[in-house]
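Mind having a look at this structure? Questions to follow.
Think of it as A, B and C in the order they're written, each chain with its own count starting at 1.
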Amino acid sequence: MSNPDTPRLSEILARPATRRDFLSRASALSLAIPAVGAALTSCTPNGDQRADSSGAAARSAQPAAGAAGSQDSLLHHNSDSRLDSAVLKGGHATGTSATHEGTERAAEAKYHRYDPTLPPPASGNRLQIHFHAREAPIRISDDLVVAGWTFDGDIPGPIVHCRVGDTVEFTLTNDSNIPHSMDFHAAQIDPKVAFRSVIKGQSVSYTFKPRWAGAFMYHCGTAPVLMHIGSGMYGAIVVSPREPLPAAKEFVLVQGEYYLGDTVNGARAFDYQKMLTTLPDFVTFNGRPNQYIKEPIRVKVGDRVRFWVTSVGPQHPCNFHVVGEQFDTVYLGAPPGSAIRGVQTFAVPAGGGMCFELMCDVAGEFPFVNHAFGHGQKGAIGILAVE
Amino acid sequence: MSNPDTPRLSEILARPATRRDFLSRASALSLAIPAVGAALTSCTPNGDQRADSSGAAARSAQPAAGAAGSQDSLLHHNSDSRLDSAVLKGGHATGTSATHEGTERAAEAKYHRYDPTLPPPASGNRLQIHFHAREAPIRISDDLVVAGWTFDGDIPGPIVHCRVGDTVEFTLTNDSNIPHSMDFHAAQIDPKVAFRSVIKGQSVSYTFKPRWAGAFMYHCGTAPVLMHIGSGMYGAIVVSPREPLPAAKEFVLVQGEYYLGDTVNGARAFDYQKMLTTLPDFVTFNGRPNQYIKEPIRVKVGDRVRFWVTSVGPQHPCNFHVVGEQFDTVYLGAPPGSAIRGVQTFAVPAGGGMCFELMCDVAGEFPFVNHAFGHGQKGAIGILAVE
Amino acid sequence: MSNPDTPRLSEILARPATRRDFLSRASALSLAIPAVGAALTSCTPNGDQRADSSGAAARSAQPAAGAAGSQDSLLHHNSDSRLDSAVLKGGHATGTSATHEGTERAAEAKYHRYDPTLPPPASGNRLQIHFHAREAPIRISDDLVVAGWTFDGDIPGPIVHCRVGDTVEFTLTNDSNIPHSMDFHAAQIDPKVAFRSVIKGQSVSYTFKPRWAGAFMYHCGTAPVLMHIGSGMYGAIVVSPREPLPAAKEFVLVQGEYYLGDTVNGARAFDYQKMLTTLPDFVTFNGRPNQYIKEPIRVKVGDRVRFWVTSVGPQHPCNFHVVGEQFDTVYLGAPPGSAIRGVQTFAVPAGGGMCFELMCDVAGEFPFVNHAFGHGQKGAIGILAVE
């Protein structure tokens, strides 16, 4: 059922490739490469065109030599190979996230708290979303701006909320010189088509119906995936069960890691080589170190609190814990099933999501943390204020 | 319901702070900072005074400039920031655990096996505990003494055992020049009050009733938490269900990591900078590398064995496995619920605890290990001798 | 019930040992050291002799000074101790896997895809297996040959498949100058006897009846275990429940890490010191980076797919995820029990195994990955082609 005109990812990747040879092939081929693949192609340069799992094909794109190299980096992912370095120093993928657009007017970037409140789900069983991929300087604390690669100009991208069985109509338009794509973990769909990369000015659209409830990661799947996730292209889609869970104050926490390199035009760049060390500078909930210490999450005594937690990594789990509390319920799979009870800490794997519930029957200021303090101390902490 | 006289942690932390400015504020303010906060304050210098979740307030303490800096390190947790280094080189928090008290007469420190046997639970539904925080040289093997920060002079601190719903009356008295605190993961309580730090000569007391069964971590929550856990201030409280679990030989294993620096007066110091590398020198069960190889845990054929396992980290999980055996039951949450069956290895997250059961129907010497051998080979191994 | 003539592992390990003293003891003693122990001894030099859990004793072996050192490394596992280095530079355990046999004719080593298909289970409730431990150059990609330590000449070793309650009769014959052993995680058996090490020309045999269904790791347990697992001595035994699971296409994925050092005779050696950094060069499914991108796993629309996944580490979990799909079922323990439902990603701990199921009702090319992209990008990726 896959489109016969579309070359198989496996065929493309199986060919021995040098960088030069890749560049010429890249210009000639329509590379419909999914989440984990490289990224040079797109549908037509029409922001509205839809593709879905029933198979709108990827079509020929313009050469995009400046963006090349991703292909090689998939084939040669050895962190210290010469090829990797060569690739990442070529074109736009230089191993740093710092681009003109991502650092321009960095000093003027305003800090804002990322609202962790789960928005209401889409009404009418249908949700239309249109994200733009673009670079932007993001102020993550009073004195630190990063050169972000973003969905809609923030890290994380917007929280998406729907219910099991809703129809999600999604479009990504790429405003960036770097190819990008979108992989929703809540979608069951052919990633070669739906999660393919698009270049500047082009769009990709697809439709999916989430089958399972949960906190699902979304992210750019363009190679090197590590670089795209590590530079900020991630977020969460929360899928609620059709039968509502018990009433609760619901919040979304997306744990991400920051690996920072040089400062360019006043913005710290994300650094690919540092990502490979797996020793982050910051670990954050919703993109800003310690933001919910500065401005806590506030609830009332008697509230049930439900945290939808994803760890986008790129590398580490979130060992989620609330100081002074225990979770009465942790859903390891889709709520309301797959629940365990009476838990101090549970690890949400990189690329995964879980749902944590507690009853706030004691007043106080309860820090929520990643309890792996080698990393947790680097910013993955906030305050749940129960008043 | 929180005490209006107590400054909010969020208020304190939100203020821009330089080290100098912090030191002056620290002297003037009553900083009731919880588990993850810094630590300069206390209740009155009265070892008996009780605080509980209904709100005994933190009150003004003496200036404690020597202990300052913790506050900054929370705000500026970037591992390679200048500020972090500055903070950790000031006062007592120099990035090393080596103090006079922690290294004095190190050569005379005696090795002892840490008894992993779960003691009987408190009788009469009430348990009174009084721990002292103090520095002490701890001999962890024939040829190695570490400069420990301890609860009651050992690493880990004493095993606490109670049952769901028991009343635990806890007091911590600080005998050390460094501020300390106590965070019981089994307590549901306002950490800003109960888990606040106290300085030398002062005490903090609180009462809690564990709601869930399980193996819960306890630890000093004074900032930098990484330094306090990493220097030995941790242990386990086991909460048994009111309805007894099947009869078993019960043991407690607390996995901890050792990051060692300079030798001072014959004792190796714990090294904060090394902790940030997340590459430990040793990973231990109950504080001593390989101690249960030297002196195994002994049971009889036909015994059911129940291991209450916590990983205190600070960073890594315990991938718990018994060579030559499988667990018939692992409780991911509170026993007797949340059980999975037929398991070779399961990961206890840093800051978490789980309960592992097996039937010893074969005689032999069964090594129990952290099966992540990059770390497990560093000491997290023992022998379960079935005779 | 353990054999009184066999020295206790705990007794052996408790003795203070210098390397010199160890070498002399090693020659004199019959060291029946299990999975985690060192490895100098064996049963008689008779390839057929059987031992089982009822107790065939280890007997005196020839001196094997060249292979010594393992014992010390267990006692002194501090990664940067002088002793460790000394040990690993002595005899065959030089900290590199490069031996004559493991590098000879490396250039002629042929690449082959490791077939991930689960073979049918043993018929007749009985399975006889005879593996040979031997060194061999293994081509893991077009341009890379590694100096492997192997079971039967491949990395991983052969897939073993049986059912709960089957009788597995296993023999390991050692064709290598380095002592080796076999630890089946599916066996309930005295490891001191069954998992003991044998030297060149000798064999060890034992019989076990798997009690629980699941994907179980097997590996060489000879010290340093990190070196033996890290050099390729691992594989998977899948134990199916007696009552068949729902019909499915079943595949086995063994995630392993490669830490590569010097090139010797055209083969890259596995490097013990690099293993201790826990930063692998490659993370692979079934021993070859990206092999199932080159040659995908192919199924049909409508197939249920069951992945039996083990992570042999030595250090890291496998955060298993299929791009564009969700698992309807993940068995955390023994199938058909211990199941959770509706999962995007779950972490299989190092030394553990889990079973993942999905329904392929959409055509496409679905990458399966370790979603910890700091490592996953290093080769733990393949394509599930649904046609």
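A few comments on the model shown:
Assume a contact is a pair of C-beta atoms (placed from the backbone, for glycine too) under 8 Å apart; a residue touches a chain by one contact, two chains touch by 3 or more.
Just so it is clear, the structure is predicted and the values come from calculations on it, not from any experiment.
Subunit A and subunit C carry the same sequence, and matching their CA atoms takes a turn of 120 degrees, rounded to a multiple of 5. Interface note: subunit A and subunit B, two copies of one sequence, contact each other through mostly non-matching residue numbers (shared numbers fall below half of all numbers used). Averaged C-alpha coordinates put the centre of subunit A at 34 Å from the centre of subunit B. In subunit B, the residues that touch at least two other chains are 317, 332, 347. Partner subunit C is touched in their complex by these residues of subunit B: 142, 279, 281-282, 289-290, 293-296, 301, 317, 319, 321, 323-326, 328, 330, 332, 340-347, 361-367, 369, 371-379, 381, 383, 385, 387. Residue ranges on subunit B touching subunit A, taken from their complex, read 1-2, 8-10, 13-14, 16, 34-37, 53, 74-75, 77-80, 183, 185-195, 211-214, 216-217, 221, 224-226, 229-230, 275-278, 313-317, 332-334, 337-338, 347, 349-353.
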